[in-house]
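There are two complexes below, and they share subunit A, which is joined by subunit B in the first and by subunit C in the second.
Take a look at the complex of A and B:
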């Protein structure tokens, strides 16, 4: 059994190293504007080595470098951020149902975007407002939990309270919204990578990159924390401090992603579970693999979202509609929850 | 996990669906002079109406505007929240509306107790509110008529005629329909529109998003242009709108980009300047040639005067240089005077929307 699992782990790591890159390159060729693979190659080579191969016609370069590449990089980073955040929170709370929604991050971000889209016009971009209120939501959760912030029930209950508050505030903004501003808000709430721009990514990607990297580096400690608070203390770990560090990092990465993509649910729940099903509950494997497969999931979902119909399907709908039944089937087949 | 207030957007979603599934049903009407009359509304429902309609609640902004244009604004006893909170034009064309009770809100289709207090003879609703229409009729025990143009000129004119008959203003309705037909006909017959054949291709950015576009917009075609999204399947948002990708816009390579401009400048999410500066769109012809403009667009379907002004504006916009003397404000004021009887209404709207800056080159 253990030998099989080791083999599976090795295969999962090899695949995790290769698949995101392969998907990213393949996805560069997917889109309504048909660009032959050879033209993709020559355009990319032309951009990397300006004096060498032909850069191809200008629309190709515009589409590849100004539209597809930022979008794919956002999918890659956001997928990794959501999956790693989910895996980390599940590890430290020893609860398989915890993810960004549990800490009020999504509703906080949604409320921030709503304020911007409905009341502030272009003065405060929706991305900035979403990020600020996602962080406010997490800080509110930590504040309400107070000294008991390291306890699962307390922090989850605080998360439920803060989520409910921001949900109510979101409904209030919707109530007063101009119907056309409301449409913009609904569009944002459904999640989309369609408007990814380099200027947004310049801020988002470094935040996600740092957050995900540090969470991966903390994977050993998450193993200790997942043993239980008493055991972790016995091993010399400052449980409260470590948990708060993980929560803040998870919140930062998720908020940075959600601020640009809108609300994309279930990635943080589904991917870590799938990874655990494949390699077991060891966070040394689960956290980095979740990053890679989260990135893959969002790239594939976005490929589908932008290519199956004449209009774009919001990616948040796609991840929910496809992900939930898939998750249910897997749970039913396996008959247990991995943690 | 619920992030969407579905009740709040129900009418918009249902409108999109209905634009697909409801065939254009010109509302019909039959009956004897002086007696109860029967109307077939846009939902295909036959509604029996009293011969005299004195007190009206209208939940559909387009109907409310037409009632005012028909000269029966004083019969309105209750209006929809959109006109009070968000419509920049209606308070200008009908100032007494400021005192009218609002009988609906974003999450509530009708405040029944307020509606009962107002003792209406009839309630007008939108065909996109197909369940609500029957529900109101059952609860209020009043005739409820669902009408809307659904973005079609033909249905807009049929709606004006039907409303004219219902409120006993047939002659005024005929005048408006005739005026609309004549002005539209003269625009279509304008030399450059006829001569151009296939006019400029246009991409329309509506509903506060660069990527959302109407799959049908008759003013563009009437002005001799071609709506590039025409024929696409409407997707989930808005009224007969689709969401497309940036790549699709590049693939279409429109000659003109039109942005819905029915918002005061500070509320616009998409701007001419933003599109002209967007590096992703730099290779698009409209951007290269600087042909990115505001237009008016849907505003809970149409205002009959405004859509006529918009068509005239687009004719000039699509055929630059052909109309050196065109003055949008003068043209708009003349059309609005015909519909609403007062001077300077369009100028006043332009001050709010800043459309003095929209002059075609």
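Take a look at the complex of A and C:
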């Protein structure tokens, strides 16, 4: 059994290294305006080696570099951010049902970003406002849960309460928004990568990059933090400090993603669980693999969102509608403990 | 290493623990016994610095534990809880490796040396070959052994075990207690263990500490301190002590 699991882990890591790149390249061809793979290749080569054999600038360069590439990079980074945040939060809260959505972080971030977009005219960057309210949300959840925060139900119930509060506050922002702002706000809230522009990504991608990297570096530590607090303390760990670091990083990466993409739920729950089903519970594997497969999931979801219909389906709706049944089927099929 | 407790206070709600002075000898097994709610586990957690004492100190070879960093303390004192509190089904090796936390920098993962230490600890408790087994598939007795192995991987000089034999059948109970004796006898560890089974405590301990109502009632070698009057005072029921083939047996 362990041999099988080791083989599966090796295969999962090899695939994790290759698949995001392959999907990124393939996805460059997909869209309302289909660009053949060969044209993608020559355009990319032409951009990297200007004046080379490919001749002058490609007619596809604008679509590829100004529209599709930022969008796909955002999908890669946001997917990794959401999945790694989910996996990390599950470890430190010792609770497989916790993720950024159930802790109120997603709606806290969405409220912050909406506030910035509608009322502050982006005087405060949406990412910063999203981060502040993401932290406020998680602090509120911890405050409400109090000493019973280690209990599965208490923390989820506190998350439901805080999420409901931030959803209500979001409705208030919508209520006071002017019609033009309201339309884009509602579309953004459903989750969309369509707004991806290089100027937003200049903040979002580095923040997610740093956050996800540090969380991946902490991957083994998460095994220790997922033990009882008393046990971890007896093992010499500064439990409080290290948990705060993980929560702040999870809130930061989620907020950076949510500020640009809107609310994309379930990625943080589904991906870590799928990874655990395949390779076991060791966070040395779960955290980095969640980053890679979260990125893949969002790229594929975005490909579907912008190619199956004549209009674009908001990706947040898609991840929920497709993700939840998929997850239920897997749960039923596996029929064993995979945590 | 010698452990010395001075004027230790801890209170939580209505319960308060106060141990005026208590010493624990090196390479010896000391059992802490007493009725439910006497403060045995609380005392053990204060010794492990898991619970912060409101007053007083725990000294290890003259060094106050409160002055040490978490890491240095973990290399000195190991704590074995009754049951591990975790949700995820780690392999036995991954679980035992968490005992190496004090040796592994925050941003690193276990090295070959850490894996070797964990496997050696598993071998010592008789679970060589269990590395890849999922923790949730183990029996209660095996889980207790894995918990001890994790603390051995931590390489502490002092081992604190919280009721390591509760709910175990006689065979596994004996197995654990024999192991505890070896930890003191072979490895020279200072072993402090809370126990409920008085017979076993008498048989396997070099020293015993009787607790009641958050304080120490009596402490010393079982042969020196054990009396029917003491048992009555601590447990509030009549118990008789019979001596058979040089062993003291407690009969209710």
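Note that the second predicted complex is superposed on the first by the 275 of 339 C-alpha atoms of A that agree within 3 Å, B and C clash if a C-alpha of one lies under 4 Å from a C-alpha of the other, contacts with A are read in each partner's own complex, and residues count from 1 in each chain.
To be clear about the criterion, a contact is a pair of C-beta atoms (placed from the backbone, for glycine too) under 8 Å apart; a residue touches a chain by one contact, two chains touch by 3 or more.
In this text, all values refer to a predicted model and were calculated from it rather than measured experimentally.
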(request) Based on the superposed arrangement, let me know which partner A:106 touches: subunit B (first), subunit C (second), both, or neither? (result) first
(message) Just to be sure I read the superposition right, which of the two partners does A:63 touch: subunit B = first, subunit C = second, or both, or neither?
(response) first
(request) Examine A:22 and indicate which partner it touches, taking first as subunit B and second as subunit C; both and neither are also allowed. (result) neither
(message) Quick check on the superposed pair: does A:311 touch subunit B, subunit C, both, or neither? Answer first, second, both or neither.
(response) first
(message) Is A:228 touching anything from subunit B or subunit C once the two structures are fitted on A? First, second, both or neither.
(response) second
(request) Check whether subunit B or subunit C contacts more residues of subunit A in the superposed model. (result) B
(message) One more residue to check, A:180. First (subunit B), second (subunit C), both or neither?
(response) first
(message) Quick check: in the complex, which residue numbers of subunit A touch subunit C?
(response) 1-2, 5, 91, 94-96, 150, 217-221, 223-224, 226-228, 230-238, 242, 276, 280-282, 284, 337-339
(request) Would you mind writing out the residues of subunit A in touch with subunit B in their complex? (result) 31-33, 58-59, 62-63, 66-68, 101, 106-107, 110, 117, 121-123, 167, 170-171, 174-184, 186-187, 189-190, 194-195, 197, 263, 265, 306, 309-314
(request) In the complex, go through subunit B and note every residue touching subunit A. (result) 1-5, 8-9, 11-12, 82, 85-86, 105-107, 207-212, 232-233, 235-238, 242-248, 250-251, 263, 266-269, 271, 279-280, 282-283, 300
(message) Under the definition above, what is the set of subunit C residues touching subunit A in their complex?
(response) 45, 48-50, 69-75, 77-79, 81, 84-91, 94, 97-99, 101-102, 104, 106-110, 131-132, 134, 136, 154
